[in-house]
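Letters are used for the chains, namely A, B, C, D and E, taken in the order the chains are written, and counting of residues starts over at 1 for each.
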Amino acid sequence: MITEIRYNRPMTVELSGLRKTFGAVTAVDGIDLRIGDGEFFSMLGPSGSGKTTVLRLIAGFELPTAGTVALDGRDVTRLAPFERDVNTVFQDYALFPHLSVQENVEYGLKVRKVAKRERRDRAREALAKVRLEGFGARKPSAMSGGQRQRVALARALVNRPKVLLLDEPLGALDRKLREQMQVELKAIQRDAGITFVFVTHDQDEALTMSDRVAVFDAGRIVQVGTPEAVYERPVSAFVAGFVGSSNVFTGETAKTLFKKTGTFSVRPEKIAFTDEAAAAPGTVAEVIYAGPVTRYVVDLDAGARVVVVEQNSRTPRALAGLRGQRVRLGWHEEHVIPLPSGKDSAHAS
Amino acid sequence: MITEIRYNRPMTVELSGLRKTFGAVTAVDGIDLRIGDGEFFSMLGPSGSGKTTVLRLIAGFELPTAGTVALDGRDVTRLAPFERDVNTVFQDYALFPHLSVQENVEYGLKVRKVAKRERRDRAREALAKVRLEGFGARKPSAMSGGQRQRVALARALVNRPKVLLLDEPLGALDRKLREQMQVELKAIQRDAGITFVFVTHDQDEALTMSDRVAVFDAGRIVQVGTPEAVYERPVSAFVAGFVGSSNVFTGETAKTLFKKTGTFSVRPEKIAFTDEAAAAPGTVAEVIYAGPVTRYVVDLDAGARVVVVEQNSRTPRALAGLRGQRVRLGWHEEHVIPLPSGKDSAHAS
Amino acid sequence: GGGDEGGGSGPGGLSVPKVEKLAALGAGEGEVNIVSWAGYVEDGSTDKTVDWVSSFESETGCKVNNKVAATSDEMVTLMKTGEYDVVSASGDASLRLIYGGDVAPVNTGLIANYKDIFDGLKDKPWNAVNGVAYGVPHGRGANVLMYRTDIVKPAPTSWGAVFDPNSPFKGKITAYDSPIYIADAALYLMKSKPDLGIKNPYALDDTQFDAAVALLKEQNKAIGEYWADYTKEVQAFKAGNSVLGTSWQVIVNLAKADGAPVEAVLPSEGATGWSDTWMIAAKAAHPNCGYLWMNHIVSPKANAAVAEWFGEAPANKLSCAQTVDKNHCTTFHADDESYFDQVWYWTTPLAQCVDGRTDVTCKDYAAWTQAWTAIKG
Amino acid sequence: MTLSPAARWALRAAMALGLTFIYVPLLLVLVNSFNGDRTFAWPPHDLTTRWWAAAWASDGARQALLTSVQAALGATATALLLGTLVAFAVHRFAFFGRDTLSLLIVLPIALPGIVTGIALDSAWRSVMGELGIGKGLLSVVVGHATFCVVTVYNNVLARLRRTGTTLEEASADLGARPWQTFRYVTFPLIRSALLAGGLLAFALSFDEIIVTTFTAGPGLTTLPLWIFTNLFRPNQAPVVNVVAAVLIIASVIPVWVAQRLAFTPGSGPPR
Amino acid sequence: MHRHPRWQLAGLLAAPVLWLVVAYLGALGVLMVSAFWTVNGFTGGIVREFSLANFRTILGEEVYRTVTLRSVGVAAAVTVICAVVAVPMAFYMAKVASARSRHWLVIAVLTPLWASYLVKAYAWRVLLGNGGPIDSLFGGPGRGPGYGLTATVIVLAYLWLPYMILPIYAGLDRLPDSLLEASADLGARAGHTLRRIVLPLLVPSVAAGSIFTFSLSLGDYITVQIVGGKTQLIGNLVYANIGAAGNLPFAAALATIPVLIMVIYLIAVRRSGALEEL
């Protein structure tokens, strides 16, 4: 539903027919994309699928082999990075080690010849926004990973760019810290009203934070849409498998289960244990307790191995005893997602 | 329930009064631990809590300041690493960059003067076990992260150690790969019947893979038990907050909600929206769609901000519209976990 | 210093350490360590045709280890290490070696070729003390005045040309890079300022010395570069970086052979020069090979070869018949004693004035060295 | 990195100019080795190969080359040993005076050669001389090794810091005894650093003249000393150019080989 | 590994410490002590009696001050020239050239180290000679710098240039590209990035290179003889007194000047981390 709203807004970033090759490798293979003003836009995809390259093309670190990049309606394809009103938060933060935190943050203002006093005040403000008041005098080397990440963010934000590019900014942080930073990032983006283009290969992160998500595969975008659209209505087995986990059925099994030929995907949390006679019978092969949820691996008589996820709304009892038990699995028609081709086998992926 | 079984088995690893200080820093502050034969034992805890140091003490890379390490009933505290029947999978894999994959795996056999032919065969077998047949001739630098991780595993397994120590072996992998490797590791451990001592700071990983989990804090073990015991019955606010997310209530709020004084924790998935009049009223502050689940942040009238997690067993509709709505939250008495002290504030952590 | 119980005395009563000379020649020790000027000891290793060492080695069984020194001062330093047996010392080094007790008197009776050496070279102040010979003369030459014939016109006849503060060749004048060059200035002052009373350019009292130093400091402004090696000097004259200055006959010949338009004169004031002497170390580890070498190197053939290769007048009369270039001895004035009468051979300046004055103290060589540093600035 | 075309062009021009600056004099050396003039007057009026013939026939040059190679090998071997020992000590242990030691190692290369030269000369003569060991190849090797230690030390220390100790721990963990760990893991990992440091040490020693002047005894002529005396000898200067030209051309081989070997896995591939 | 750390340390350090502290520092120490001795003007014998005479001469005579200042000036000029020439070259090698050509460029820069120092200096004598190639470049005989101080600086800069390029290249090679990109991303042009990011981060590398260029220039006495015209540097004075005059005490006293300068220099640059980048 957010999708429709966005398309009426002015487009901050427009990529048209973007291609980039490195020698024989095609890193980006024809991308058309429009990102709206103030949008939190994520790029999700496996390693090597071209996410970073797209970001670098937007920032101006690479020249496209073909296609154009427009920012705010202006073609910037040939402009140098310093002529573009975008800023980047690098994966390794790329903080200047010889400058203090304060000087790092002031850097962008300094090169733009902002007066000293204003520079200082704006940097202070940016540091306050990332909750690093009082750390200005430190060197980056004296900061922890999470703190550095926030300095990098402040250094970019202080320039009030139209667009902020973030390349797996949370990749190096541990789980707990990462979850904290997700919340903070999202809040900052909302407050500052800046367009975020966010690269990650963590689907959870992409789903919870973004207004829209683009899923990359081999240099192309295979699906763009809201988190819900991408998760609930994947357009291909690849998307279904990459965004969240998925049970994919094909061939005979699919025919038996759904009375239709083709390839179909059903999410583990959409499958329930049931007593209905019409439900698919099977045997519990494995029970994995995971705290908030328990995962069941069930071998269907129809010939597929299926993962079922059940929220532990109650404390689970005697899970080990469940192994080998006969069960029936049911789902709603609407959650059976038809997929174009059936390259994937009938395994949970 | 697994707990009880383990204690009757012979103890592979026994740590008694183990302490290790580095100058003024106390990394390990008195640890007593008995790990059973064939057990998958995880150590979970925040950064700097001493997990790696304990592993290094077991492996013999560090000498304890006090206490002893026994392997299979034999005191090995003063033995060098090469005299101990344990092997380690390092966090950064520590593959020898100048040796091929095959040579890496053969290394432990070579230094023990195992004949060339046997060496080759056993290395092949180990590589097959981690599904890397045919990769023997490659250099580690030509392998992906997940593949390197498996080489490191094969290199350790080939020596058939009594105990395998793994220091965040999955830390550097991306989410998708990590989940795959969790499954593989677990299978290998089960097949080989080796004791795994597994360090992680990912609670999800610890919960799904382990027979038992030890939670570390500041050089001490604050709780040991099965995943369920640790997750469902945390002994402190720290454990409740660190293992999974948790809503912690204290002071007035707790009194109003539970009619008891003290500090209490309720897991987000244990809280449900309900129409019962007795339930706690509040307002939805935030709705976060996360694919398999949706997280709701609710401001209770009683004065606490609460996170509720609901499995998306059905496709959620119009989530955005829920914000600001009045709701009632209910939970079962048994899921209200009393915690000893109330240092944490009444926030989800 | 060594024992000074009257081994003899030099200028101003300076005593000479007593060192015994070799009484009789024994068998060779198998090797000899030599300090020499470049070009004096050639064993064919660089140019097969230039070799007067191999024959010596095969005849005597003494292997020659040669160390080339660039200046007289370096020779003295090297000899003081005690690692060498024989040295080809110029006059500005020889006295220092004698008074330092670093070299022994030479038993000339043990050197068969000694009798054929020009008399003008024997028993001179730089190679003998109180009639005791401390070495075998090797050869001699004068420090001549070289100039570019195409640029310096008319041809200079006086050292005044290099000391003229208003020289048209300012920046292209060259001088020898050594403290001993102070003597060249003194020699010029001897004639141009007779009231200074300089009798010997190597015996300068304070006033005389100061005058020479002042002259050289003035000259420094007109100097392009100081030279110490052949290649540098030849090249400078050929290219035109230098057009006027002190030189050696051999450099003149080399430059001419390479087609440079240069000429040299012995100016009216006379000139400084050198007469080299082979000396033997006081504590030579290989004295017999040392004597064999000294005898060999002044033999008619070897002496002729060295003289021709190096470019100087040979010491052995019979050598003039052995040179390839039959005019060699003429060109280098080998038997022209009147030519060498005008030459003041390099001698070590001592505090005890070498001209025999006893009423004043002269500047010693250490003072000359420090003054030279100051002159160059 | 991204640079404007102008900046890129300017850098390329700087590189080209720099290389010109480096190579024009070397080219001149090459040309002068054919210069008929004995003091290589410019421009050459005739070209000849007689200097090459003379150089080929020159035993002295060959002997000096051999001596230089021996001295450089000795100095390099010593520097490799000492430099590696110190690098390990500094990397693996914290001890009193560690910082001072790293300063001390730099000192011999940082002090003018003439200072090092005369200090070692007089020390050698008064200590070793008393023991009856005169100056010779050994004293030259000692002199050169002293200022070469630093190149090995720095390369090895940098490598040790980059590799850390986990690989050695992994080796011990797999059952290797200390010497096995050294042989199979540590040495192969620092090999290219040793090579890089050793190569620089060799080059420094091979071309050293000042320290050599003071530490070589009688009868020992290294190549730079040979070149030095021949520049001061009538008629021989051009032969020196031939020797230098040969050195320049021949040096490409060891440099190239070292460059290749230096990029073994673990030292980071050329990007 | 951790059995007997003390003995291991002793084993590692024994030989190097014996060599560097006892032998090298010992020799230097004796040399420094001999600076307080004098020499007998006639015999050249050393008088082992404490005397400040040498230092009195050095401090009293203007020429020593002049020559010291000139030498430091030459060393500083050579260092600056080398740095200015080396930075863009190293930058091109490390950050612009392709991996392939980088390989060859490193070789190209290293090769001259093997050509004899003396031969190169003499080649420059020819280049700088009256009517030589440099003169032609400036428009005719005598137009170029000729022999002298300028020539000395140029030739020394030439000789030590590779020693400056190498550490700077290594430093740049280690410098992550992302820092340069971050700077451009924040609006800085190439020049600004060079000044504010690259150069400050290269300080240790340049300082490391400067240890070579500065000390080798400060101690040189041969190049200056070849192309220096009538110029003399500290090295010449030391050499004149030891190699030539055999006045070891005075030479030692003179040698304290460069030793002092270099020790101060090293302590100053050590703080930048330069000593680890040689």
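Note that in this section contacts are C-beta pairs under 8 Å (C-beta built on N, C-alpha and C of every residue); 3 or more make two chains touch, one makes a residue touch a chain.
In this text, all values refer to a predicted model and were calculated from it rather than measured experimentally.
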Required minimum of steps from subunit A to subunit E, each step between chains that touch: 1
Of C-D and C-E, whichever chain pair has more C-beta contact pairs: C-E
Subunit A-subunit C separation of Cα centroids, rounded to whole Å: 89
Distance between chain centroids, defined by C-alpha means - subunit B, subunit D (Å): 53
Between subunit D and subunit E, centroid-to-centroid distance (C-alpha), Å: 15
Multi-partner residues of subunit A (each touching 2 or more other chains): 60-61, 80-81
Sequence positions of subunit C contacting 2 or more other chains: 70, 231, 235, 239
Multi-partner residues of subunit D (each touching 2 or more other chains): 1-2, 4, 40, 42, 172, 231, 237
Touching residues on subunit B, where the partner in the complex is subunit D: 59-61, 80-82, 86-88, 90, 92, 94, 96-98, 107-108, 110-112, 139-141, 155-156, 159
Touch list for subunit A against partner subunit B, complex: 1-2, 46-47, 174-176, 201-204, 207-208, 227-228, 231-232, 242-245, 267-270, 272, 288-293, 295, 309-316, 318, 320, 332, 334-335
Touch list for subunit E against partner subunit C, complex: 39-45, 57, 61, 63-64, 66-67, 122, 125-126, 129-132, 141, 146-147, 225-226, 228-230, 232, 237, 240-247, 250
Subunit E-facing residues of subunit C, complex: 1-2, 14, 70-71, 73-74, 76-77, 80, 96, 99-102, 177-179, 220, 223-226, 228, 231-232, 235-236, 239-241, 350-352, 364-367, 369-370, 372-374, 376-377
Touch list for subunit E against partner subunit D, complex: 1, 5, 8-9, 12-13, 15-17, 19-21, 23-28, 30-31, 34, 85-86, 88-89, 91-93, 95-97, 99, 102-103, 105-120, 122-124, 126-127, 129, 131-133, 158, 161-162, 177, 180-181, 184, 189-190, 211-212, 215-216, 218-222, 234-235, 238-239, 242-243, 248, 251-252, 255, 258-259, 262-263, 265-267, 270, 275-278
